[in-house]
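Below: a set of structures, written as structure tokens.
Across the two complexes that follow, subunit A remains constant while its partner is subunit B and subsequently subunit C.
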Partner chain A sequence: MNLDGRRITIILIVCVIAIIFVIRLFFLQVVNSTWREQATALTEEEIPLYPPRGIIYDREGRMLVTNQTVYNLMVVPKKVQPFDTTSLCKLLRIQPSDITALFAKAKARGEYHRPQLLVEQITPADYAAISEQLYKFVGFYAESRTLRVYPQSVGALFLGDVGKISPSEYKANNYYTKLEYIGKSGIEKAYEEELRGVKGIKYAFRDNVGNIKDQEGDKEDKAAIPGIDLICTMDAELQKYGEKLMQNKRGCIVAIEPKTGEILAMVSAPTYDPNLLVGRVRGHNFNVLTNDPQKPLFNRATQAQYRPGSIFKLAQSLTALSVGAITPQTRIHCNRGIIGCHGSHSYDDLEMAIVHSCNPYFREVMHKVVEGNRDPKSRFRDARLGLEIWQEYIKRFGFGSDLHCDIPGVKTGNVPGVEFYDKWYGKEQWAFSTIYSLSIGEGEMLVTPLQMCNMACIIANRGWYVPPHTVKQIGIGGKPKDDFLVRYDLGIDTAHFTTVVNAMEKVLQPGGTAWRAAPKDIVVCGKTGTVQNAGGKEDHAVFICFAPKEDPKIAIAVYTENAGFGGTWSAPVATLLIEKYLNDSIAKSSESREKLILDANFLDR
Partner chain B sequence: MSSLGRQHPLANVDWLTVLVYGVLVIFGWMNIYSAAVVDTHPNPMDMSQEYGKQFLFILISSFLGLMVLYMEGEFFNKFAIYIYGLFILLLLLVLAVGTTVNGAKAWIQIGGFALQPAEFAKIGVGLMLAKYISNTKAKFNNWKTRLIAAVIIGIPALLILVQPDVGSLLTFVAFILALYREGLSGNVLIIGLGAIVFGVLSIISGFNKVNYPFFGEQSGVFILMTIVFIIGIVFMGLIKNFVVPRNRKKLYLITILSTVAAIGFSFSVNFMIDKVLAKHQKTRIYVTLGLEEKEEDRSEMSGDSETAEAADMVVKSKSDDPGYNARMAKIAVGNGGFFGQGYRQGPMTKNKYVPERWTDFIFSVISEEWGFVGSVAVIGLFVFLIVRLINMAERQRSQFSRVYGYCVASIFFLHLLINVGMVIGLAPIIGIPLPFMSYGGSSLIGFTLLLFIFLRLDAERLSVFR
Partner chain C sequence: MKNLLNKLQGDRTIWMVTFFLSLISILAVYSAISTLAYKAHGNNLRFLIKHGLMIVAGFGLMYYVHRVQFKYFARLSLILIWVAAIMLVYALVFGHNLNDANRWIAIPLIGLTFQPSDFAKIVLVIYVARVLAQKRDQLHDFRNGVVPVLIPIVVICGLILPANFSTAAMLASITFLMMFLAGVPFKHMSKIFIAGFGLIVAIIVVGETTGFPTRYKTWKNRIINAMNDDSDGNYQTKLAKYAIHEGGIIPKGPGTGSSRNFLPHPYSDMIYPFIIEEYGSVLGGITLVLLYLILLFRTIKLSVNNPKMSAQLTALGLSFMLVIQAFINMAVAVSLFPTTGQPLPMVSMGGTSTLFTCLAIGIILSICRTKDETEEEHAASDQPNNQVMPA
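Presenting the complex of A and B:
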């Protein structure tokens, strides 16, 4: 038998196998990248580095929101070795049963090898003592966390809060992981991107049992960029005083610097200490506040939509003057047949009609605006044309819009127009007589207190406003957002404002509806309102004003729910705040008014 | 022996083979160090660690190898039967007093070291076969010769099967390759062997789902079919160019038939498994082939998880994924890329993902850290070594030396085939070492003796006429 060829056969077999191996290796190592991806997923750990969140100061540099490091004491039950239970319990101020209970719970959940939270939020002072001893207890370790703290305990809704990211927030933004914290309301939400900074990444490796190892890899770590500090527009003293005045009341205050649109104070009563919604008490307190019938979490200043009431007569006056429906000298009889009035007057001009808040006068004013005989053939078509013009003017005041402000969740209110009434009554089925209650700020008109205060700013500025906003400087010494460097001019002649301003001045002079609230030495221009509300409850007391008359520094809107007359219950709140803001103190002569307000309790109404 | 008196014993030694041996051993040691290094014991010669012990094994092996080179080749011929007998005794001894590791009673504990007789038994079988064939001028066309050869191989094989150590047993197939060279009819054996190997390959490739361009996720068996088809085409080309025309027709026919048969066979094997067998039968086959792990292995591995979700993830993947070992090895290999992650830089290696990475899975370490380049280089060195041994065997005047040489080459080949095939996912998980490179005293010393006995015989090829 010739066996010489068999050498070749055997060598061929060896070579074929080798070639198959090389091809296989080529596919595994060079062609197919999935194995490499799997290796990365298994072995690489991206440890996020969380930057400190930006600090928020008030306009005077008082620290309003800052961060505090606390320590959570963790334990991995599986890693624990026999230890001195008594001394550990003494050190942590817990009971031995706390530990056994936690271990039992971990076991039941199948998390015996996972870190368990034993003691939450240990203060740095307490932790200093604990950390010296902790090495004796294998399996126990501390994890640092930062919490928001509010040294001034004011402006809860103004500043907003931070909480665990919700599924919808997680879905909407690819920056976060499922376990992160995010601004939930107020400045914390509106300026989330500035405050949070930019996370860094530390690349580490994970071994086959899940231990993280800080090994040198080929990826460079990325340092975290700290959050930007903010100077907000709030005056913490004013805010604090406003919150105090609103104690035992439902309602709200908005105070704005007219020239800049900076919100000096924004109170929604009843208020609460922002520190309640931080850390381990957050969950519980959040439930309590949510279920509180007084709705403390509801920001009345921006989210409550009230009928404007008599205050709306200011916007009506300016609209009518601007479209030429009336002049300041136009006198109208106080004909109380269709609509009621109060006080003894009968034939006011515009200024006195504002002072007296004469309802028949303003009914007629709006009548002149809306039914201007623009279509003589049809009363209905005429009203459509007129209302179109009216609505356009009213919208210039910012009604029906969010005012381009930076407060999350603001409501826009409602300025009913042609479309609205066509839907309601049918096309050409309505005329002025159908909708006249608009003229005195009742009916379908809805506004927010923020919009009312903005109107006060417009009048204070004699025709323009800057969108109200809550942050003055992004970064210490920085600028606000570009939107808040823009003036919105209403295009209404400055001269028209003179009449309205003069009338508002008289409101706080003897004979005016708020004369008792007038402070000494400061000329305040205001307008009272009393908004009827359904359900037979006491009216809402409303007041807007600005001061001083010339070169105004502050404009305020005050709503006190179910308090009654605006001049009595809201005007003093506003004038006390003005005094506080302009004079830094409350004059002796105002103390009785202060006491009256502080003592008032309308919560049960 | 020589008419000129005894030459220097190291004259005529094939130093190139010794060099390849040295490269493999040292490179293996380097990778054992990378795979097993403990931060607190950075010294590669630290005797408390695997790499330190391997260093000792290298020293012992070198010494024993050198000793063999200084011995007379005649000794191995004369005493073949006694050496064979000694190893049979050791195999019996291990069954009596052996220690059980990983379910196999395969180790004899001597002091701090454990001896694995199965690693040495191959030497005895190789020598004994060579002795039998050369002494009797046996012809493999009679049944008596076949039977005696089968008994020589079969006795130690049976003893190893009793342990049971299927991996070591499988390497005994190598002797069939050597016998084939000596005249054992190739057809039946090759077809049978081919069917087994190819059937296993089919099942494995069918088990793996592959994402194909255009066709989406399909059974991996189609890749195997394509490879078979390509090999068929290559053979056709080879036949056309290297075979005289009158023989071509027959070979063409054989090639076409076997290609079609192979493709049909792999398809029907997978069809059987997928459609005919019950689920538990199917699982049993996969477990046997190492595609899925036995229950006890899983629970053992999920035992020591420690922290955080990451651990959960790995633990989960360990306990939920029956092919954990195979998958980790494949991930490590794939992670090497073309040039590798760099020595001691492989994330899968240094984070301990691949089990038994310094013993049976050492090739995964080489692949991850040295990449495609390094893996191919190692395979290339082995192929070079095997082919060189075959060619050296052919140049022997003595049939004893030739048969033994073929045995040595075949054993290295089978170890390479099964070990590397296992790591890169082409063969089931069968625990046998990669010669010279895997950690282990018995295997390193065993392989060294196996090789150096042949080098001794080869060095004397000109002076002997047996």
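Presenting the complex of A and C:
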């Protein structure tokens, strides 16, 4: 028996084991490994420091959106020690099943050792009572968070809201963690990067009961940088008054300062108090608002796409003057055989045709633009060439585009062109006679109220616009985004605007379609419209205007759905707002109009 | 001091190794328990003093024991094996139940507790060595040579098993190794191996079907966790790996370890990764491996100086026990082995376990004394046999 061999065997085995150790040791230290991140996540924690979100003020410095501290109650299930379930549930106003369900969920996800959210957004008052008792419950702790609050309770859709990040938003952006909040709409979304600030990091250790310890690590903490405050373009008083005038109605108002493109008010009715979508009530209220048949969460000012109706005749006039199809003196018979008209007139020039909103006149105007005898052999090919020119001009007004504005989710509307009709009717299967309803703003043309207000701005400025926007200063005393320091010039002769502006002035003079809505002492230039609805429903009442005539300060578009005639139901809303904005008060002579509007209710139509 | 050094008998190298291990132990335990959690409870110094006293007492015990001739231990083991068995039974029935396992017995008056398995380990090694030496000429005969060796092993390991699977398995392996070294023929060794394997299979079958023993589930979970890297139960090992990674090759310096804040038991079971974090893998990790290897190789080299086969086997058995225990602890830390709860001998803060480790080293030292010193007991009970372990 070779005993010496046995001894050597054992020694060799021990040596091999020792070598395996050494190799394993270096393997753990040198080789890249994912477990390291897992281990650090469990232990040396990177506690995010959330900066306060930027505050939003209106153009007069009134605070519109600010922050409130709330507390989230967290629990690390693994750290929990036996506790008095009944008293904890009573303290937090939850059911024991909430805790067991959360623990089961955490276990299923393999997150038993990670902080779990038990109760969200506890108010400071409630937290004061809870914090006194919390030490009794090992493994439970509170984390402070900030919530948005809206002291003025106005401009819900204008300002937008903040909500928990969605899976798709989380995937699209590597700044956030799964538990964070992000701007969901309006300014909150468009200016998310400015408002959110920069998160800081505190490197800390949690002890075995979940408390954070002040322990110096080898990494330096990073302080959070607070979000940037914004001054938005809104005039809160005007916005509030607009919301009041639109009570019990569906529709919207857009008011813009023509020179700057600053949106002074943007109302989408019915409206709601933005504070409803904050805190623990958010989930419930969000459901209620989503299911409301009046669709209060739908921003009609930027997302509703209507046929433009009669107000589109203004763009048609300017296009026709610009391409030389007509002059201001061009007179056309009010031939009601092809297309209807209203009022007593028969042979208007351009100015009066605008005042009377003469349908046959504008049919002929567009006819002249589109059928220019550019291809003598085929009226189909002639119409194609003509429509291309027409479409190019109409697009200069910003129709069919998002206007480069800063409002999330704006719709572009539709400016039908050659391509559109080729698809619809077939190539060379259509001529002007096929598409003439475009001439009076019906047919396949779609616009948003924002675009119509922008058109009012273009006319007010006599030929140019600044993209409409919602933020005036990024940081107090700062500038707007560079996009909003640029003028878009339409390249239409200023002189052509004179006729149109004069006609618009007459609309609010006796004999005009909106003369009853005219305020005292202010020269308002406007145009009424009624947009026909399918299914026998009442027309949408539309009105656009600007004031004063010289050096205009405000341009407004008002849509009142299913209200009827634009001059009756939308024009007074606009002129009341103008009075409010320019004079800061409503004249005695206008009070009856105000009452009429406030009393009107079109919600059931 | 010089006087004391002169009085030291036995191998200087083993003394030095033991001294270094205890030095590392004091430093690491001091660093590990000076965390905020312990400071807050105000008893970190108390822990350290207790541990220091235990080491001093251990060295005293070692000094005393290494001067005692081995033959007395061999004789004592005849009685102590019964004492160990009775204590194990007592602990199983009445013992303090810490962490749902590892039964402890309280020593009256001093306020100390100890694990009877710590005691039984040493006694069994000596006893088995003695029986093997006595039966060495009959080892080819399974019934008369091997079975008498197996009976005490099966009884003692069987008593340890319900409370502490890993210690039982380790002890069985060590005695198996001793049989191998004593020259039990391969055919018998393989029979025993197959029987042991069969026993484990039987435990699994019984455990799966009846749920008995009650700790079966824990054992199973640990093994499953060791294989499944994502599981929650593997939290400890993840942390250990993290600490080892943080250590790097170049030392971070004592007192800088951050893992003590979250490593469970950074002063006992998980002291190895903690030492690596503070001293680096070369100075901390490899040095410790080398210290245990020196202890083992020194014992293998010197034990042949003792003429008695039982003494040689005891020295080898005890040093293997220390080294295997150390390797298991390290293997857990580097995730080569499921979590077991074996402390790092001499280094972990383990209360009375330290004393038993010192006792084992003291016995090794006694056996490994120079030839001259052992000459006088040459003609004692066992037959002299220098051929068992040629140097």
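Convention: the second predicted complex is superposed on the first by the 482 of 605 C-alpha atoms of A that agree within 3 Å, B and C clash if a C-alpha of one lies under 4 Å from a C-alpha of the other, contacts with A are read in each partner's own complex, and residues count from 1 in each chain.
In this section, a residue touches a chain if its C-beta (ideal position, glycine included) is under 8 Å from a C-beta of that chain, and two chains touch if they have at least 3 such contacts.
Just so it is clear, the model here is predicted, and its values are computed rather than measured.
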Partner chain(s) touched by A:Pro115 [first = subunit B, second = subunit C, both, neither]: first
Partner chain(s) touched by A:Ala18 [first = subunit B, second = subunit C, both, neither]: both
First, second, both or neither for A:Lys79, with subunit B first and subunit C second: first
Residues of subunit A touched, compared between subunit B and subunit C (which is higher): B
Touched partner set for A:Phe26, first subunit B, second subunit C, both or neither: both
Touched partner set for A:Ala128, first subunit B, second subunit C, both or neither: neither
Which of subunit B and subunit C A:Ile10 touches, first, second, both or neither: both
First, second, both or neither for A:Val281, with subunit B first and subunit C second: neither
Which of subunit B and subunit C A:Ile225 touches, first, second, both or neither: neither
Residues of subunit A contacting subunit B in one complex and subunit C in the other: 1, 3, 6-7, 10-11, 14-15, 17-18, 20-22, 24-26, 28-29, 35-36, 38-40, 42-44, 78, 113, 205-208, 213, 215, 217
Subunit A-touching residues of subunit C, taken from the complex the two chains share: 36-37, 177, 180-181, 183, 185, 229-232, 235, 238-239, 241-242, 244-245, 247-249, 258-259, 261-262, 264, 276, 281, 285-286, 289, 293, 296-297, 300, 323, 327, 330-331, 334, 336, 388-390
Residues of subunit A that touch subunit C when the two form their complex: 1, 3-4, 6-7, 10-11, 14-15, 17-18, 20-22, 24-26, 28-29, 33, 35-36, 38-40, 42-44, 78, 110, 112-113, 205-208, 213, 215, 217-218
In the complex, subunit A residues that touch subunit B: 1, 3, 6-7, 9-11, 13-18, 20-26, 28-30, 32, 34-36, 38-40, 42-45, 76, 78-79, 113-115, 205-213, 215, 217
Subunit B residues touching subunit A - in the complex, by the definition given at the top: 141, 177, 180-183, 186, 227, 231, 304-315, 317, 330-338, 347-348, 350-353, 367, 371-372, 375-376, 379-380, 382-383, 386-387, 390-391, 394, 406, 409-410, 413, 416-417, 420-421, 424-426
